[in-house]
């Protein structure tokens, strides 16, 4: 009894304090509009090398960092704990191999822990070997102080998730999470029956690039009068995804669409409909091969916004430009973020690649493709 | 006296392991031409990698000494970090009440763990695993992200320096000395060894074993809460996943055991634990120096944990399942 | 009324929970509803029974979840979509499972490492192997005949209309393990060893062999659970995360005493079903996942508290 009493008291105290909880703002209309505008405009640079393209024309002056090569480039990686990061990391290593003036590429892997990544960055700085530091932060707020310390010593390039400081020379990312949500949200709004039930599946809370995908898709779906029957976290787990979708179908009957904030479990969601003998509605995805192949084979009607893994090439190229004193897009470098649609699907399907290979890797012409990426 | 000698002999193995780890570190630094890592400053900094693990593990030592265990520390760390940064909300005036509040949460959680283990006679693994699920569930229901922020002043816990040594490292060392003094020189401390060594005999000798067990759990939870405060200070805020992502539950148990404290209770101490933490930091740094790939790291880590513990077990004849 | 005291309360709890679910969601009474439920419970029930063997021997197996992951990832790499390889790949995975079990038992028996640390080390090692082998992301595909076990439903079965293959697998595996535990000399030796290893040894129980078999059973059950889970949903790198704790929870709800004791196979399966039913109930109420965690925690503690209360009162 004592136990229960204590637990309830704790729970009540905690829920009272949580009432005033304020989260980071992941539903920012200005940023939403800015990304929408980017999607609708044409980036600078050659479309053959999208990893070098950029929107806008503010450049960062890097003449202060000019130095003679060959260089030691350091990289603090948040982790390679999901297939997206595996593909990106492989692409980045391939990019490094292309450059003779990188004499050393020192890498630390924080295995998904903020605390460890802070220590890793301090280790790299203490080593004193780095000419430039690339950081792929595990979380935005937590890594900010460590990145600020690094900025005092050497040129820093941040990519993928951001930090809350503009001290890095440049911050590289595709258009962004709002853009991802806009592309998939609009497709559902235009193609699903009006007012139909939409289930939103998310990997996990708290990651800014995922939160913004969700908030912008939700905004569009609500404006289009769709009925959002639920938003659930799948932890990126296929079995859980399939079970959740089955439960929703059993509770609500056929759904109009399933919106996914990332594509790794899209096929599991599709299978839930198949196994219950129902027609597969719109299930959005991403540029993973298993999803693209299923889409093509079954003739589905859907869309795959991407968060291109070719962005892992850009930081290496940026580091070299910076150390050679050439200006680079900055302090923000936005790369194009194309979506795969029914029209261009055939260009991206490649059954020789592993199921969770991300088609938008920009790696097809790199040495050792496809074997280095696990293809045949 | 015999008990004391036993404690002494369990001291040698961690020293040996630490020496091996340290030798490997120096060897690899020299072999790969990264001797700049071998300055005194950097070597002290090595321990600074694992302050949160260190604080948690000191607490875990108390419960393992009484033959109990605490699997709820990682989740309690998250609760503490989130609650602290949420209550502080960037206001320096709230530091004191916020710290007080989370310490209170630590005492309550520890007391509940202790009561469930002693009064309800629930196996400590299950009791604290249950607590872990409950804490994480409540926390994740209320918070989904970094909540609030700690004021700049509070960040000096993690980033401040006294005489060129980081405050947090000095704190960990002071905590270890205090824990050692408590275990070595106080009545309550020697009761912990008695209860862990043989609870029935301790009871017959007039020790209130229930109280000792509850006390050990409270100490452990308070340490976890302090580790959470440290992480909030280091990360500038608290998020509901930081404890789990750091795997502080299993890692703290592993370093305590590698530090020579027996899971069956009654033998070991906090200095061994501190050495266990240093061994873990060294292993991490060795991996970084040698550029070991993240996946291979995991395999090695698993093998090292088994190997290290096997080294002690080989010395004792007891089968401890 | 004395027989009432002998029935494991887990069965009564299970019946009550099932009635509640059936009352709240009529869908559950249709074959599609309850068979789907059993299909999802199958992997965890098999894992729980495997875990029970190790728990009854006086230990834990924390490596089971990581072995599930290794099974799914390894099978998909070895198979790479080739249906003709399914059978030998399943054999290979079972052999790997047996080797993991033997290794766990060796570390516990000869290196005298406590099982919680030994299998924790094994858990970390196995996930490292799975990641290294796959390069961190799933490779290859599972062909349909591999996925048959976890995904396929046999239709037009008399009385129950449809029958998932996973449920058949669950019945066969749990049946075999029930027989081994409750109808053979080995089962008696296992329980004797868990009760008191010293006196069991004096009574002639071969401790090392008994423990080795227990760990091998647990590992094989993890491989089978992996085959079902891979079949159900396909390849991912984190299918097994946390399953070992669910399996321990299920076995404990069924009344298994940690650090040796006499849990029964039937009760462990019932424990797994209780867990699954509770999750279903919470789902019907629309509670989010965090609340599931809280409830799982409370059930866990109260199940064990109740068991030790009964033990005290019955003087055992």
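Going by the order they are written in, the chains are A, B and C; count residues from 1 in each one.
Operating definition for what follows: contacts are C-beta pairs under 8 Å (C-beta built on N, C-alpha and C of every residue); 3 or more make two chains touch, one makes a residue touch a chain.
What you see is a predicted model, and the numbers here were worked out from it, not measured in a lab.
Farthest chain from subunit C (centres taken as the mean of C-alpha atoms): A. Across every pairing of chains, the maximum count of C-beta contacts belongs to B-C.
In terms of their C-alpha centroids, the spacing between subunit B and subunit C amounts to 31 Å.
The centroid of the Cα atoms in subunit A and the matching centroid in subunit C are 35 Å apart. Of all residues in subunit A, those that touch two or more other chains are 3, 7, 80.
Within subunit B, residues 116, 120, 134, 138-139, 293-295, 297 each touch two or more of the remaining chains.
For subunit C, residues touching at least two other chains, in rising order: 135-136, 288-289, 298, 301.
Contact residues on subunit B toward subunit A in their complex (touch as defined above): 34, 36-37, 41-42, 45, 48-49, 52, 83, 86-87, 105, 108-109, 111-112, 115-116, 120, 134, 138-139, 142-149, 155, 159, 231, 234-237, 239-242, 245-246, 284-285, 288, 291, 293-295, 297.
Of all the residues in subunit B, the ones that touch subunit C in their complex are 116, 120-123, 125-127, 129-134, 136-141, 250, 253-254, 257, 263-264, 293-303, 305-306, 309-310, 313-314, 316-321.
Interface residues of subunit A facing subunit C in the complex, by the touch rule stated above, are 3, 7, 80-83, 85-87, 89-90, 232-233, 235-239, 241-243, 246-247, 250, 264-265, 267-268, 271, 275-276, 290, 354-357, 374. Of all residues in subunit C, only 27, 32-33, 36, 40, 135-141, 151, 153, 229, 232-239, 241, 283, 288-289, 298, 301 touch subunit A in the complex they form. Listing the residues of subunit C that touch subunit B in their complex gives 57-60, 107-108, 111-118, 120-129, 131-132, 135-136, 197, 245, 248-249, 252, 257-260, 288-298, 300-301, 304-305, 308-309, 312.
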